[in-house]
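Below, each structure is written out as structure tokens.
One chain, chain A, appears in both complexes that follow, with chain B as partner in the first and chain C in the second.
What follows is the complex of A and B.
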């Protein structure tokens, strides 16, 4: 009988499995970018990376998954983000 | 004895068509006291919609003067107001009395941060028509502490958002903010060592998005005053005029939000 594969014996693969690949969409342009993240990364970090990648004007943004805004300080695991999830970066308009 | 029916009487009643919306409570609307903070583009539209909807007692807080670049989207402002450097709050108040002799607007030409906090207790609903995050946070926390509904509107170009905070239930405006908001708020203020300078950004702004966002804000105020809170926007309403899409997105209550912990 074959032994079950044990990640503990293969640290390189274990690291690979901890990396989370997600897609972030730009609500303003429809463009998308793939990001490689770890569970400990925060939503704030995703927002900052995506806004910088698209050279966004200095403004406030929120990240949403489906019909829910994600809390900035949450880690990806706390926010329930899984591999292959698609998140959307939307501007939070400041003007009045 | 009920008033006898007269032909054409319904055309004389200012609110006849409003009364045909079954749940609109015109009497409660006429009695409600509304605090409107900010008298820019959204403020102009919100004030107009409030008075046409039957609100009378409206306090308008704003410390700014009318400038030429306001004229592409502000109903009550004219070139004469620009030349006279008229106060925005006073100009809107004057305009409202022209719209309806029943309107009782009160203009307060002061920053909301410099206004006595009792102003929040003296009104049933607070409408935020502001242009910066710091003032929004101030109004949000004081409205929440006073237990008053806070309806906040914001826009940038063809994009807009409305959020309703209805204490003690649900999220408040600050629950939906993150580090990018803190960064923007900090950027608006620069400390020179002697003074703190406020940098007002020149954001894209036009009337059609302003109208949509303001209309949603006033409609939510009508629901609150008419007791139809089951129909109330419980989350944030996002509008993208470029793509012609709008949707409601849930903003979860943040257990670490300082506004909630202060009240609880």
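What follows is the complex of A and C.
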């Protein structure tokens, strides 16, 4: 069976399909994942992917780039995310 | 071409350094400990078994000041505990070096970060001056004593599930403070000591810390 072609290894096709790679840090453990995605993927998809990978509830987190909170259904391009950006998953705790 | 889901290609985990905890001469009980709690503290100190949590005097003061500032209005406060995780002679322990918070949406029985106040929180995280881990969180129960409510346990389960994650609960009215961690059933109280912090060493720079990262390929 043929192995699926990885666009990230072919710069020309990667540009055509706008594959970009970012890093998402887990602020509570110091771990980080490298993630491949497209400009049209949403912030929610990034949070969901990272939360699922680390077996977390995505609703209990916010994602940040620098001092800015990244929210909801906006696309990566709309949120100004570029290749090699480092985002951080931050807990959103509630005390009672 | 249909859009694909984000794909995780690699994970990097931070190693846990083998580091001796702060020496007994630098340790003291919390100033709000009762006589019995102070006696238990002394017993633990003499046993040479490490405490579960070491909190810098600077972080402890930040948390206490924050809780006391809102105590008159009986409003709860909330924030993050920043630090690192270490191991010594097979036992893992948590070091809280700093605390960070921002404006809150708070009542006498509930507290969260205000939705538009995250930039200030992120500014404090970036200003901590070291490659922090959010090793836990603190919040106050003004006048209600220190325990983990159902909401608190849910927060601990959702976001602070590692064995080193700490929940610090402080009551500025009854002047109590306790630390907890998650267990299979709920939360249990853990031991903690206050340490006098040394000046920051150059080895703590983020660049030096990166050298300790261990790459792990994602499944």
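The rule is short, and it goes like this: the second predicted complex is superposed on the first by the 77 of 96 C-alpha atoms of A that agree within 3 Å, B and C clash if a C-alpha of one lies under 4 Å from a C-alpha of the other, contacts with A are read in each partner's own complex, and residues count from 1 in each chain.
Basically, a contact is a pair of C-beta atoms (placed from the backbone, for glycine too) under 8 Å apart; a residue touches a chain by one contact, two chains touch by 3 or more.
This structure is a prediction, so every number in the text was calculated from the model and none was measured.
J.: Superpose on chain A as described above, then tell me if chain B and chain C fit or clash.
T.: clash
J.: Once the shared chain is lined up, is A:44 touching chain B (first), chain C (second), both, or neither of them?
T.: A:44 contacts chain B only, not chain C.
J.: Does the superposition put A:72 against chain B (first), chain C (second), both, or neither?
T.: First partner only.
J.: With the two complexes superposed on chain A, say which partner A:82 touches: chain B (first), chain C (second), both, or neither.
T.: A:82: touches no partner chain.
J.: Using the superposition on chain A described above, determine whether A:62 touches chain B (first), chain C (second), both, or neither.
T.: both
J.: Residues of chain A touched by chain B versus by chain C: which partner has the larger set?
T.: Larger number of chain A residues touched: C.
J.: Figure out whether A:33 sits in contact with chain B (first) or chain C (second), or with both, or with neither.
T.: A:33: touches chain C, not chain B.
J.: Looking at A:90 after the superposition, I want to know if it touches chain B, chain C, both of them or none. Which is it: first, second, both, neither?
T.: After superposing on A, A:90 lies in contact with both chain B and chain C.
J.: After fitting the two complexes on their shared chain A, where does chain B collide with chain C, if the options are 38-46, 92-100, 110-118 or 254-262?
T.: Superposition on chain A puts chain C right on top of 38-46.
J.: Residue overlap on chain A between the chain B contact set and the chain C contact set?
T.: Touching chain B in the first complex and chain C in the second, residues 27-28, 60-62, 64, 67-69, 90-96 of chain A appear in both lists.
J.: Over in the complex, which chain A residues touch chain C? Could you list them?
T.: Per the stated touch rule, the residues are 8, 17, 21, 27-38, 40-41, 45-46, 49-50, 53, 56-57, 60-62, 64, 66-69, 90-96.
J.: Applying the document's contact rule, which stretches of chain B touch chain A when the two form their complex?
T.: Interface residues on the chain B side: 38, 40-43, 128-133, 153-156, 159-161, 175-181, 183-184, 187, 201, 203-205, 236, 238, 240, 247-252, 254, 256.
J.: Which positions of chain A touch chain B when the two form their complex?
T.: It comes out as residues 27-28, 43-44, 47-48, 51, 58-62, 64, 67-69, 71-73, 90-96.
J.: Give the list of chain C residues in touch with chain A in this complex.
T.: Spelled out, the residues of chain C in touch with chain A are 1, 3-14, 76, 78, 80, 109-113, 118-119, 121-123, 125-126, 131-135, 137, 139-140, 149-152, 154-155, 158-160, 162, 165, 218.
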